[in-house]
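Chain naming follows the written order as A, B and C, and within any one chain the residues start at number 1.
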Amino acid sequence: MLGKLLKYEWRGLRFPFLILLIVLASTTLLTCGVILTINPMYDESLAWYSVMALMLSIFLYYFGIIGCTIGTSLIVVIRFYKTCYTDQGYLTHTLPVTAGQLLNAKLIAAVAADILMVLSIALSLFLIVQVGLHHFLSFAPGYTYEEMMRELSQEFSYVFGDFEESFGISFGLFIVYMVVYSVIAMIANIVTIFGCVSLGQLFTKHRIIGAIIAYFGVQFILQIAGYFTSLPMYTKMLITNYDSDLTFFGLMSPTLNLTLLAVTVLAVAMYFINLHMMTKRLNLE
Amino acid sequence: MAWQMNSERPIYSQLYDKILVRIVCGIYKAGNRLPSVRDLAAEANVNPNTMQRAFAELEHSGLIVTQRNSGRVVTEDRTKIESARHQLALTQVNSFIANMRELGYSDQEIMDLIQSIVG
Amino acid sequence: MNENNSMAYTPNDSMPSDSPQNYSVYTQDGAAQANAAQTDMAQNNAAQTDTAQNNTAQTDLVQNNATQTDTAQDNAPDHAVSLQKPDTPDRPAQDTYPQNTPDHEQGSRAQNGTAPNDQVCTPNGNIQSSPGADAVYSNLPLLQLNDLCKRYPGMGTYMSVFHMNLIIPRGRIIGLLGPNGCGKTTLIKMINGLLTPTSGTVLINGMEPCPATKKIISYLPERTYLDNSMKVSQMVSYFADFYEDFSPEKAYAMLGALGISSDARLKTLSKGTKEKVQLILVMSRQADLYILDEPIAGVDPAARDYILRTIITNYNPNSTIILSTHLISDIENVLDDVIFMKNGSLMLYTSVDSIRSQMGKSVDTYFREVYAC
């Protein structure tokens, strides 16, 4: 059953998602195209135009990325609202599945969509960087790609050589930590938005406005929680001498961990709020 | 086409009457199989349970018989069919005469009228 | 009129074989099954008399609770036989399952004999079903409401469904009738698990609403609940995917008969056509309980005939169809029984034939009298 639900979630999401991907691809291609037109050999005035064009396209690209990430969340939430709490809800909630299965299917599909979008953005960034590098390399004869890569990696290892000492945690571990943190934050974000939509159902006459109010309410609570979670960091900063061996990560990590905990608790709470609203408090129009 | 029904009388007794007429007229011949309850209910646009009840009443009157292997058949007993036919005819005639009397016709006038029409 | 009988299911015409549930025609062996069918009739009769007695208990509650609304006092029309029972003994609202003892058989039906215990468990007259676990299972009524109440949060103390008790057997086509706002839709939602009762229980085959009950209930709501971006054929696959008892062949046959192209996108269809599609999808399932909320209201008369004919031909003794509608005269001929509701309470639960033979009126006329404004 869960597999079937997932199949139909994907079917419902793939068309809008494709649109977002096309937008992303367009801005990427545009930026790449603009990069390729830059030619330092040209005379002053033309070079100026092509740099302007580059700025513009990067600007567009930036907004493209933001639009796509917000867009992904948007299409997921709209689908959630439409299938669960509008007339389509009559079909969704009379399927022979539990509310838990429904919710899980939607969550998994949402997380997958988010991850896909992140990977797509990473891919497009990589593409742009590659195009840029190779294009500029073509103007520096004798300077091959391999040479540049070697120099860059030397620079990197120089900078990150004593990363562990100053930062307090090895680079690899840091990357892992950030990835885990981001994934949990992503999941929590989705569950929270779903939870706000579900809470909006409590206001029988103004369901969507209720959802927005719920969202602001949750943000407010998060802010307050944020003050508490950053307490360790501030206290440490206050009581520390500069030349003690407190590393950056050592300073941040209690706060980061507490935030992670708060976010996880929020996600779990929202999950159960969702379930409760879809079973005991379900009240379709 | 759905059968015409009077909305004030129980459906099953109206169905009973209609099937009775069909038997008497020979649409369902003596000894022949009746359509199934489901088919007839669909034709008449009525609930199969109600049609079933009409069938049961017909069976009780002896006009149809349930046989082990061939379902429901019209009775072979032609006297029964004849007497049912006679009953129906009597009802018609009695109501005709009552209506005519209401219109003010005397019995002789009724006879003359019938003679002139039937010839 | 027999004063000791409540109105339901014990008509005064004493025909010993007047059984609406002789299932013999629906099994392979025809008349050979008639014997078992008699027992089913007794079983259903017991279910119905229980229901009738529940009915009177209900009316006591209704009449006693004048604070519910002002009109609660008026909901006993003078000639609704079942509602004048000053000497009805107090029955607990929670009722037991229908027993198959002679006590529960009244009048002429008892002539058909008590159901021998070992044959009682097959309400669909299907002797091939195996006894044992199946037998116990199928002894349960299809739908049972126990003191069901629902109060919506914003409506103060008014209960949209007020202490409803009902036992609905299999193999019937039942009309759920009542004025707007009387609690029909609320009741239907609770049966489907779309609303949680404030108190009391809904039991389908003895289970509270859950995926297992949703599997055997086929629900047609008043609204269009289809995904507008899908094509008709995709909707058919959707149903086929989630419902085991769905038959795509049946669906396509009906779509063809009504001239609906299966390649059409739902958002290009007119409202009436969308309703037809929904109905086809719902009726193509082989469910135990069909709940149709206003299936024919938005549809043209020719299609209405087709739909009613589909309901008739889809009938099988194992399933019950509950039709909620305002177009009573159109469906009267198709209904076995009717349920009248008012202000959230059960007013009447009786058969169409009883109303016609005892009142001498059609259900439509009777309804207009009962609910006259």
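Everything below uses one rule, namely that a contact is a pair of C-beta atoms (placed from the backbone, for glycine too) under 8 Å apart; a residue touches a chain by one contact, two chains touch by 3 or more.
Please read these numbers as outputs of a predicted model, since none were measured by experiment.
Using CA-based centroids throughout, the chain positioned farthest away from chain C is A.
For the pairs B-C and A-C, the count of C-beta pairs in contact is higher at B-C. Of all chains shown, the one whose average CA position lies nearest the global CA mean is C. Inter-chain centre distance (chain A to chain B, centres taken as mean C-alpha positions): 79 Å.
Separation between the centroids of chain B and chain C, computed from CA atoms only, is 32 Å.
Centre-to-centre spacing of chain A and chain C amounts to 51 Å, using the average Cα coordinate of each chain.
Put simply, chain C touches chain A in their complex at residues 152-154, 189, 192-196, 210-212, 214-215, 217, 219, 221, 223-227, 229, 238, 241-243. If you check the complex, the residues on chain B that touch chain C are 2, 5, 7-13, 36-38, 41-42, 44-50, 52-53, 56-57, 59-60, 66-69, 71. Across the interface of their complex, chain C is touched by residues 1, 4, 7-8, 12, 15, 83, 87-91, 93-98, 204, 279-284 of chain A. Partner chain B is touched in their complex by these residues of chain C: 15-22, 24-26, 30-32, 34, 171-173, 305, 308-309, 312-313, 315, 329, 332-336, 352-353, 356-357, 360-362, 364-365.
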